[in-house]
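What follows is subunit A paired twice: with subunit B in the first complex and subunit C in the second.
Let's turn to the complex of A and B:
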């Protein structure tokens, strides 16, 4: 009687290990590998800008404080989500998110389209004590953000790291990162002009925390929250949702 | 390879392994499980033809059913819009008077408006619309920019102090900080404003300061708030003679407002909400003021 293939294979230790690895890889190869070759995976968004140094610093604070544990940044392709939050999220909208912060848990609401929905003043009040503006909220208070100076000296390194991962920061942006972070939160200084020059006129330059004389972690986090969903209006094009494209200037 | 043995009890082949006299049977997969595996494989292969399945370079097989998440959700959203069209089209086209007179339509406005208000407005104005410190109460009948549905709609569309080209602008200057008034003038004008809604404050020992404050008020504040301090909805200047205060009506808060100015911000909803949604909310908010006087 001829020996069955499997009977032969299971007696070879190395051969069997290789066979197990090959079998277990099928799922990954089938589901992940094609995404790198199919041209529909990431949509086109030529109008998309990169995060400014201040927004990137705010994003780092968002990660540090674990905001992603309770807030997703991913509007799924479901009718109720589109009707509540706006157009569903596109892959291209997180092309400069390293790491991505899509999340899958919502203790609080999704934040993918929060930018521009409320005023800076509201965000500051809400982060200082959420109960002051939303009495039924169970979000923790982040009072120290407004009294902690933002660390800016390592921002060029953060931009350089993002650049190494493929985010199109120019050398000029990396070099001026600390100055631009300061300028974006101090509209009345000479540094503010550099932000508009390097990141576009639509970039919001504002005393985010309400105090134009100092740069705090509150400035950074509010700047980041106010730009969520507004780096590109790709999601608003070719969609049945009747919302108009967000004007980043608002 | 060892010769195959058969177990005398079951008649099965053994694997040929033996541990302390115990031999392992080489029992095949049960028939039911095997059939299940075969059926699922056939199902999977058939499914390749119906739904997106195989990558081919830069594209992929789209499947006979034409399933696509994006077009599916867009069809559902359009379906929802069509379901609501019977009343959203009336909200878009009919004048507010006609809608207010239609009790059945107003019930829809109240039900839908409550949802929209909760998702968009409640973060600042509160779920009941009563506002809180720094955010106006929408139920008190006291309106900065007018309380008719038309004016509420306009305020929602363009916002207050936004980047919208037609934005409503209400910037109270920082009279104290920017040195337009000196310390004593700030204190006296605040005392005068405080006395308007607190007649008990006009005692003999305060009356000189209040009178001095009135003069400052007439020359500095009346341009927006009016000679009688009852405000002006054309420029969003609040009535200072009533009991409704956005930033607080204590003497200290009034001094702070005169010293540092106020530049409240209401976002623009022009881009975030549809015309029907904005008009629904305008009616809902207008209605809040009527129902909770």
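Let's turn to the complex of A and C:
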């Protein structure tokens, strides 16, 4: 007699509360917990590198400005998406992403593999006023990024927090975070050499915003955009890839 | 407002307000080098203003009568006013961001007014500001009437209501300042999230304690939904917002969930924010105010049970349909799709139960715009839950995902269901709370109804068109086998619909303004001569000799 049972249940406040918790817990537990235990959930990518301090700072600007509201970073396993944006995204490519920025809406195009597709100069022009390079665009202009100095003194704290959560930053990377952020945007300095040493020779060192003397939020955001899709080559191996990864030297 | 508090309760309220102000001062000092400091000042100011309000009538006469013999309606009245204020703010922000998509220079070249920062002020403003305040206010009303008991606390309802609004203020001001986790519908940072947990646990305890005082043997259906809303939102909020602050002096934190797991947790949260904030809570409203207004009992008790447990169980599985064809494992996508389709059963059971309740009262639906608000809400609820199950099917989702179709679907639910049931409920509740015969103007309720319907229909049709066109353009191939349209081609095709959408939203905002005026004039009107029936809790009769 299910109805009789329910008549009893709805006489008990605590019983009802417990029943709600029980009914509502199952779905989440079944769908979330195995994602941590099933090994195939995240692919292996031994060549995967972490974000440099400058790229991480740029990512935090992307987060702060809410770019995810219009740009996805998740190429789906559909033919037209692979042909338009590149090989479909793998879970491993966002394994260090907190939060993930897969997005839910494309008012603008997907950015999962935007890195290396346009020059730094193009990105700076586009962020300053998107309609200068894409007349039909409805993206906001971000002129102030190039006028705002990047805060670097907190970067060691940021890397330390990421490290505490399991991102494989070394103590040396944490210690040198502020210097490395400066070095990555000032080629041909001693600081720049440290970046290549700690994050690999393939790391792009460039005066991203075109001004090598000062470090701005524009430098950081462009550095981040230029590394999107290039932390690992995993997506180009054993997948439906029709193209080669963007050349880091370009 | 303090007239109903005893002097010791006023002291407690003062201590709480001062404690909040002090916490704000600590935040302001710890975060002086960061935007956290600005938020500290806002918290301190908020606590200070509340403390000042308490001080101002600290020595006013104390309540004379036995309070247990009357319902506690003061927090509900303030909650209604706050809900309408947030409605105007949130909907205005919505119209502004919608217009920015058509005319991008409406950001005026400032940082705070770009689309990415304004968009969450719209979503938070309408979902949490408008929806949340309306839910808190109506739940306080429904739980007292259906339990025939006064709220189980005197200060705690104020703590819940004002504390929740402090959270909303921190969230919205944070986005403008660039403080966000970029987790959709959970953008507020760690300190605001912790504060909301404190507020929400108080809400839960207050609600359950009030139900425990009930003079009715059974817990009424509306309270099942309000309880599910409070409980499950707490679970979702805590799990999704687990994060490690970069330092105690910085607003920034990093979520403990990485990449693919973060995506699953985020959409488990995101979809169930729809389920338990925007559905369960508002079904609680529907199950009380619709039968009251129609003067008909709920059609079927069994359907109520079926739909309640169906919604509570099935919804929690459905979030992964936001991640079809992504790097989320296929088995989770399939589970999400399956449960989303099954969800149609309890959803339509609810919608059908509501509409069948109106049998015998259809002449009232014709004559009374307030009841028509609720009828239209039930229809939109049925339509958008059907659409949701449909869009969760993987091949359909391949077309609809990432497009405006999703935005249209959300607004069919948010405007057509959530906002309409809220306005219908408020137009029922306001005259009864303020002891008036009826709303100030029935004609203005009628005008609001048609503005809301026209706005919703224009909005939803514009987004269906733009979404489906966009989805088709992205996947169209030429005869040579190349992609036919560039991304910019698809964007150019969107502009007419973006203008139409902004216009639809504007009509809806105008309707809300008409509603504000009507509510304001009702409150200002003279109270009805005779009190209507006995609207008081059951008090155990005093036994002689005790």
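Quick note on the criterion: the second predicted complex is superposed on the first by the 229 of 250 C-alpha atoms of A that agree within 3 Å, B and C clash if a C-alpha of one lies under 4 Å from a C-alpha of the other, contacts with A are read in each partner's own complex, and residues count from 1 in each chain.
The working rule: contacts are C-beta pairs under 8 Å (C-beta built on N, C-alpha and C of every residue); 3 or more make two chains touch, one makes a residue touch a chain.
No experiment lies behind these values; they were computed from the predicted model shown.
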* Asked: What is the contact status of A:134 with respect to subunit B (first) and subunit C (second): first, second, both, or neither?
  -> both
* To do: Could you tell me if A:119 is touching subunit B, subunit C, both of them or neither one (first, second, both, neither)?
  => first
* In the superposed arrangement, which partner chain does A:64 touch: subunit B (first), subunit C (second), both, or neither? -> second
* Greater residue coverage of subunit A in the superposed arrangement, subunit B or subunit C -> C
* To do: Could you say whether A:27 touches subunit B, subunit C, both of them, or neither, answering first, second, both or neither?
  => second
* After superposition on the shared chain, which partner residues are touched by A:82: those of subunit B (first), subunit C (second), both, or neither? -> first
* To do: Using the superposition on chain A described above, determine whether A:39 touches subunit B (first), subunit C (second), both, or neither.
  => first
* Which partner does A:16 reach: the first (subunit B), the second (subunit C), both, or neither? -> second
* Once the two structures are superposed, pull the subunit A residues common to the subunit B and subunit C interfaces. => 3, 38, 40, 77-78, 83-84, 88, 134, 136
* **Residues of subunit A defined as touching subunit B within the complex** => 1, 3, 33-34, 37-40, 77-79, 82-84, 86, 88, 116-122, 125-126, 132-136, 239-247, 249-250
* Structure fact -> The answer for subunit A against subunit C in the complex is residues 3, 6-7, 10-11, 13, 16-17, 20-21, 23-28, 30-32, 35-36, 38, 40-42, 60, 62-70, 72, 74, 76-78, 80-81, 83-84, 88-110, 130-131, 134, 136-144, 154, 157-158, 161-162, 164-166
* **Complex contact set, residues of subunit C against subunit A** => 100-102, 104, 107, 109, 111, 114-117, 119-120, 175, 178-184, 187, 208, 211-212, 217-219, 224, 227-228, 231-232, 235, 239, 244-247, 250, 252-266, 268, 302, 305, 309, 312-320, 322-329, 332, 335-336, 339, 398, 401-403, 406-407, 474-475, 477, 483, 487-488, 491-492, 495, 498
* Touch list for subunit B against partner subunit A, complex -> 1, 4, 55, 57-60, 69-70, 72-81, 119-120, 122-124, 126-127, 132-135, 159, 162-164, 265-268, 270-274
